[in-house]
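Some structures to go through are shown next.
After this come two complexes, each holding chain A, first together with chain B and then together with chain C.
Showing the complex of A and B:
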């Protein structure tokens, strides 16, 4: 499944990094603690979080994550957008809570 | 092969830059992907620790055919109780740093679990020194 497939299926907004929409997604991880994601998320995961600052992109890039989903209508900071576009790792948005979008994502990936 | 990076305390905008550069070098050298992952996790955590806690620091990276040695030396407040600092969940990070999702008390344990050798020494009021070694050849399990 690609990031683009997830965007369509879960009605997500593409906030940045649209060039990376064909990245392959192999799982998901939900956490607002960067060290948790750094230590335990797998490459290709979609990361669900409410953190919007640039360090999120540093973690996503180092871990080679598939995409980031910002919950509850949060928007990425300008330097996050910039790095997302550079690294071609999409930042996506939803108005749903982390709980709700994680449930939907889990079901979608385990269909 | 030797690399040196300077890290500035408080400069979160650049946190992870040195780790990212080392990752690129290791990829170019065709280092095993699992080894790269471990180096990157350990180095990023250690780099962020300097940004979050110290005034400034230097990261020295040495790569040879057998191992990668990361040496991180900072000028900072130091760690009075290392065994306590090594406990998962213990953190002295400021509220601002915690709000960013850092300071969960997972950094040092993450470093240790990804290193083949790990040494930490610290002097209160002077700074902290980390030596992280990751072997290039993954032992057969």
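Showing the complex of A and C:
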């Protein structure tokens, strides 16, 4: 499944990094502690978080994640957008909470 | 040059988690008996107890910095320090503007009280002081420096509420006057595990919540005399002023 497939299925907004929409997604991870994500997220995961700081992109890049989903209508900071476009790792947005979007994502990936 | 013993992170009864014995009078007496030359009053997201501690500490010859342990939007704790009453008041207003209005529940979090020199309660603070501000760490750092203050991410070695636990690593563009380590580690031990910070500058502070913890970790600073500007130079290693661990 690609990031674009997930965007369509879950009605997500593409906030940045649109060039990476064909990245392959193989799983998901939900956490707001970047140290935890650095330690435990797998490559190819979609990362669900409310953190908007630029370090989010550095961690996503380091761990080769598929995409980031910002919950509850949060928007990435300007330098986060810039780095997302550079790295071609999409930042996606939803108005849903982390609980709700994680549930939907889990079902979608395990269909 | 002279050497000064500084503990730049401690709480008072104003912090919900601060022990009720942490009144300004007791705190100053304890700091004096520990031989501290410089202390900073850093309650959670409030600077209110700075002035009374500074007044009380004068007769003991202890320099008192105003400050707060600020919770950023990312929930990273950062010590912000100031020199003058004017700076303190401006920063206090900034904190009150950006702290969400979630009422404290003293049964759960503890009391948040401002007291006078006789330990009489002047007021109980309504909003929960351990909430996170609605501004990010980079913006807070820029604001503190614009006011002429010092910005020191707190206990960066900890796995909770530290810049590193919340954001994975210290953002490269963040202008820190120093990074604070808790008493649970040493500078050498921490640097060995965090190679990218090998040229960063570190202090150790007690983060005291109880009287007996004051001075349990401290930093020795080499400076000409005790002023805020000298302290800034010492933290940043300028003009021969330095951090002597």
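Here is the rule we use: the second predicted complex is superposed on the first by the 111 of 111 C-alpha atoms of A that agree within 3 Å, B and C clash if a C-alpha of one lies under 4 Å from a C-alpha of the other, contacts with A are read in each partner's own complex, and residues count from 1 in each chain.
Everything that follows uses one rule, which is that contacts are C-beta pairs under 8 Å (C-beta built on N, C-alpha and C of every residue); 3 or more make two chains touch, one makes a residue touch a chain.
In this text, all values refer to a predicted model and were calculated from it rather than measured experimentally.
**Q** When the two structures are laid over each other on chain A, do chain B and chain C clash or fit?
**A** Superposition result for chain B and chain C: clash.
**Q** For A:61, decide between first (touching chain B), second (touching chain C), both and neither.
**A** In the superposition, A:61 touches chain B alone.
**Q** State whether A:102 touches chain B only (first), chain C only (second), both chains, or neither.
**A** A:102 sits against neither chain B nor chain C.
**Q** Just to be sure I read the superposition right, which of the two partners does A:53 touch: chain B = first, chain C = second, or both, or neither?
**A** both
**Q** May I ask you to decide whether A:77 touches chain B, chain C, both, or neither, giving the answer as first, second, both or neither?
**A** A:77 contacts chain C only, not chain B.
**Q** Per the overlay, which chain contacts more chain A residues, chain B or chain C?
**A** Result: the larger residue contact count on chain A belongs to B.
**Q** Looking at A:33, would you say it contacts chain B, chain C, both, or neither? Reply first, second, both or neither.
**A** In the superposition, A:33 contacts both chain B and chain C.
**Q** In the superposed arrangement, which partner chain does A:16 touch: chain B (first), chain C (second), both, or neither?
**A** After superposition on chain A, A:16 lies in contact with neither partner.
**Q** Could you pull out which residues of chain A sit against chain B in one structure and against chain C in the other?
**A** In chain A, residues 32-35, 38, 51, 53-55, 58-59 are touched by chain B and also by chain C.
**Q** Going by the contact rule set out above, which residues of chain C touch chain A in the complex?
**A** So the residues of chain C touching chain A come out as 74, 136-138, 159, 164-169, 171.
**Q** Over in the complex, which chain A residues touch chain B? Could you list them?
**A** 32-36, 38-39, 43, 49, 51, 53-56, 58-59, 61-63, 79
**Q** Applying the document's contact rule, which stretches of chain A touch chain C when the two form their complex?
**A** Chain A residues touching chain C: 32-35, 37-38, 51-55, 58-59, 77.
**Q** In their complex, what parts of chain B are in touch with chain A?
**A** 12-13, 15-17, 19-20, 23, 37, 40-41, 44-45, 48, 100-102, 104, 106-107, 110, 113
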